[in-house]
């Protein structure tokens, strides 16, 4: 098998793709000409902002125009695509002798948990992870290692200052470093009414042993447990960090906390793995290069756990060049391409890429790998976007002191249950 | 207005044959490209179409969506009243300020070409950019405006505009005023400049002071223009979206969830197209009713007597 | 007395100008700042300027064609909406037929539906016509939603011109259309200028239709701007650079067209 | 070769009837003057002929061809508007040149003709100005120039000289007359000035309330007015009319008594102020009235005599300096100067 | 109690000098008529007095108080605009009532006065209409009504009657005169109609090129014009003027020869057309000219005699039906009807 041979029938075709304008996609568009040279298949990549990319795809798929030959979409959208029959399972390609590169073995080469979470739906495989994202803890290693701080901290809290291993420590550290007069805050919550809030909150929820639905995989429906006692505890804990976050915290999403971190105003927070590069490595935008440490999210009653998210390569059913698209995706999943993409700010799903020497040099490699191991799925049902919307709204209300945590989560549970219908009764009924 | 204009009122310059080809392209364009889709939207509002829910594939359900909207959707009503307040406040402030600025320019500035152009700058920025700019300016930690607000003591050091629920809407209104006052200024200025001189001279001779001239001559002559500005601004304010979406996303909580944001969430986030269409239709209906009342009250009177 | 009023007026206008421009000036400054300067907690008015943002967005991200796209779309739709809308406005200003006011009001109602809900049906419709992903689709869409503006504004300005002027032109040998184009339109220049400015700005700044209807290659600047808001941080410097560049053509256009607006002053009404 | 209004009625949107079944026919090449009180429909008639308005009823024909619905530009008609309607954004020169430009006249020819007509109307020195910078009379002449410059077959002029001073008016009158003769085009002219009407018109059409009252040459209009309205309307000051009774060949109304030649019974007697004689000498047919007001309108004097039945106005060129109000004066109505009208319908008798 | 223009010059932005050092003074309570050729600055003078325009040089005083920069509304002056300037958005009633409304006149009083003045101007039946629905003459009367209704101290009327027919004009003239007497306010009246000027004016100011040429009562203006310009300007048709030589008490110019009483040398002789006699009988002082054109302007006839040195116009009420162009006629210039002007400056001699 060789790529040239496999691609011969598709020489000269142009395949078109769409994704979010992010470094890994930019990296991909730089790699594409190599592929064209090898195969004669031209790849055009459209780069849009996150929601633009999602909406464009929704419109294209639902109008059945077939403009895109493969798409790169966040995995939470998958349910919609699959149930509407918009995307193509890739097992036929994996079984095809002409197309399948025998050296490409996803069932061995990828983080299985992540792959299943990101690209599978109801036991069927629809693609491969474009990025495998997870969140972990960022902290200022220089502050935590500072002798004077250590002394003071020990005197006050009675134990040694170190990266937080559990949530109590996390809060203590946050409190300790909150010094508005010095322009320093213990943490930064992403409290804006925005998906970021939900993503961040999920880390607390999972870690406290809660979940939204009682289900084993993202594509499964199950009883609503979003208002479980664990969830309420997680939510209340989450808000208890608000005093240690800067005053504008209700207006933050990932953008702002990134900026705060880069400016060195925050001691620790929970943040995305693929954003790390811009804080820890890129000196043109960050003042804290070399002063950062990374670790998994602190442990709670639910154990050490991370919420996983990812963008996935998918092939629309209306695509006219599915095979060529598959060949390109397969090529992109190769070690070399993955490595280059990862070094340019991507987040690969291949452990062997993480293991490479270049990647290991990055200060956050270990934390990333650790998080990827414990990534937990979340609903990818067709209605999951609306579930998110409901939760974001209610959580935002709670943060703005309009409601108590219980009220907010009860209301969310009710709405989600109504949304999902009979498959999702409320496990903790509201009177 | 000079008499030339007066005597001709009621005389029809164009008969139907000549009018038709002039008015037809516009009408067709609107009918095909707006009324068509609008009709489709109206139909969608009576279906359960949703791209997100595999069970809802566009079955006709009559007025069910509307029933749910009116009876059973507190968020809609919250957004509704919020939007009404927003429109009334923003548009009236914009109108008063814009009118005053236009009047000052008209009255006192001879060489106003550059000045007017510069005044229009806020309007020239895309709403998306306006949202981003103000987000940067009002950011709690490194926003330039926030910094000076803190420094001047107008805002307590430990708070930020968009994290203080009570400040969110006033700020959004202020930004809207900043952005759209130039629009009012531009149109009113154009109106002022094409005002005829004779009636003002006549009023001067009749003994009317500046204020009476303003009230009795200028305002009535400008009435169609004023109505135009208020209508256009009112309608556009009703649809205000980009800025608020970028600035607050409707939050904190639902403090700034305008109708358009709500509609966006329903249609574009949740892909609940049927219900979203119903929301949109309600928005349309409300705007339509408000405009009709306003139009009948203000515009028709002057348009019909055709004094202009 | 008069003088002091004038000075007061100029003072007030100066304040207004400062308020109107400060954010823009800040953006202008920011477009020459590095990320660290932009995000520094003390507003920096003086800093070492960097030119990096402009090439970063216009060359590296290849946003330059977007400016051109914006220009093409806005110009085409402005021209088209004036060409289609002004004659209709003229009819409204000059004729009376049953249901005229209703039809007139109808034009305004087309503006009332939230674009968010019209957008999807419109997209489907254009797909049917095979027009999606072409520039025609947006131009048509922008023209349609600007029509109400043109029709409404221009009716007022046309009505202000005495009918005798049309009639005189017709007696001089113009057809109705000729009278309209050759005599009335030039006389309505101030209004036309203001209308064109508004149409242009509206179209230039429009986001949703442009986003939905145009292909990636044809997308205008507005559609490009959100691309600078990434989960890895908003690229403020590049946003600022785009905002600055995006305003320049409109600024220029407005300034040029303003000439006609100003002309309104010197001409005065028809002597009669 | 005739222009005719056939039963033309014009009703405006608000119900005002501006023309009411107008029947009027004149030859091409004539100089027709429309005369009538304010609001009698003169302007409306012109606008209908020009095609700027369509009649509610009736039709308009030129040369037997129905042109009721023909667009104005195909009618070859020029028009001077009562309120000028100059193009405010064009210079005087361009205003005048405009009809020629439309007709694609060669540049040199155009320039020549514009300058020629401007000279004729004495506005040659304002050609570069804008209409806003002209005085009333100057603007009016520009409007006339614009209508004349392209020598239309029919030229409608709606009070084109009303803002000119007497001298200029006289001059313009002569020029118009000359032009009319030279071009041999049809002129339709609206005026309030009877002298203008008299000197210019080949025929005068008198309108009243949208109806044609009389259409005749000036002399007939003046000397044999068709009814009391025309009689009173024409002439400055107006003709004296008195309602009275004729018995035994003598007319009596209050102090007035004079010999007449008309049937017995109630009659309205008319006599022009300038034809009343002073009967101071011992002629049989005179009577005495008391002078009420004396007005001097150089070179004439107007003597107004009050009477229980109305007033009698006398116009004379005699030196009346010695006459004082309150003084009795002998008056004499020459038999051949008398007009008789039906007392009820106002129609002329005989 | 006087209104005075002191050396008032008005130069417009484009350099046109509309008024050129105008000095004019009249008493409050006078009825002043401004007369002059088109473009002589009449409208400009009114606008300056009204305060709508500020003089480039000079000042305007009322009662010795300099009002040059006083805003119009404090001047107590009303004005009828040459182009009416009605409020198109108000009904006729409201147009007229507006000055009263500003002065917060009580409703009943206001209504009474509006109706009264409307009746006076015969527009009572249009009160509910919009200005756009009026004919030219009707609109003009509304403009007059609006200026009169609040009885300003000075009322400026810029050709207020130009669009009215003769009958109405006569009527309005009488009413204005009566009003002026009753109210005892100052009227400043611009007109082109000499008859109007003659009957209305207490004094006439004749303007030419922005300068005052003569300011006198009508009779003097007519009978003793200050110079050749006034002489020719006043009178319809214009005064005959001939440049010639006086020698031995006899004036000669071409065929014309007549006895005069003036110094020897070059002289311009003037005589009004109506004062020329027919000297068919054997009187010594007559000469023969050939009839060129005969015009009938009922009730008069105009006889124009051509001459190698110009034309002589004769106006007569005599029946001239038998006269034919080309016929020689004996003319006679009565001695007391002659005017003499300096041949170069045009100033009146004696």
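Per-chain residue numbering starts at 1, and chain names A, B, C, D and E are given in the order in which the chains are listed.
Note that in this section a contact is a pair of C-beta atoms (placed from the backbone, for glycine too) under 8 Å apart; a residue touches a chain by one contact, two chains touch by 3 or more.
Because the structure is a prediction, the values reported are computed rather than measured.
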item: Number of steps on the shortest touching-chain route linking subunit B and subunit E; value: 1
item: Most widely separated chain from subunit D, with each centre as the mean of CA atoms; value: A
item: Reference subunit E; chain at largest CA-centroid distance; value: A
item: Rounded Å distance, subunit A centre to subunit B centre (Cα mean); value: 39
item: CA centroid of subunit A to CA centroid of subunit D, Å; value: 94
item: Inter-chain centre distance, subunit B versus subunit C - centres from mean C-alpha coordinates, in Å; value: 15
item: Averaged-CA centre spacing for the pair subunit E and subunit A, given as whole angstrom; value: 94
item: Touching two or more other chains - residues of subunit C; value: 39-41, 96, 120, 124, 162, 164-165, 167, 176, 226, 229, 234, 268-272
item: Sequence positions of subunit A contacting 2 or more other chains; value: 51, 55, 259, 263, 265
item: Set of subunit E residues in contact with two or more other chains; value: 83, 133-136
item: Of all residues in subunit E, those that touch subunit B in their complex; value: 50-52, 72-73, 77-79, 81, 83-90, 98-99, 102-103, 130-136, 139, 146-147, 150, 156
item: Partner subunit D, residues of subunit E touching it in the complex; value: 12, 14, 16, 35-39, 43, 82-83, 129, 133-138, 141, 158-159, 162-170, 192-195, 198-199, 218-219, 222-223, 232-238, 272, 274-275, 295-299, 317
item: Partner subunit D, residues of subunit C touching it in the complex; value: 96, 162, 164-165, 167-176, 178, 183, 186-187, 189, 267-272
item: Residue numbers on subunit C that touch subunit B, as the complex places them; value: 5-6, 9-10, 12-13, 16-17, 19-21, 23-24, 26-27, 30, 38-43, 84-85, 87-88, 90-92, 94-97, 101, 103, 105-118, 120-122, 124-125, 140-141, 143-145, 147, 149, 151-153, 155-157, 159-167, 176-177, 180, 190-191, 193-194, 197-198, 201, 204-205, 207, 221-222, 225-226, 229, 234, 236, 239, 242-243, 246-247, 250-251, 254-255, 258-259, 261-262, 264-265, 268-272
item: Complex contacts: residues of subunit A adjacent to subunit B; value: 51, 55, 58, 62, 80, 83-84, 180, 191-194, 246-251, 256, 259-260, 263, 265, 382-383, 385-386, 389, 393, 396-397, 399-403, 421
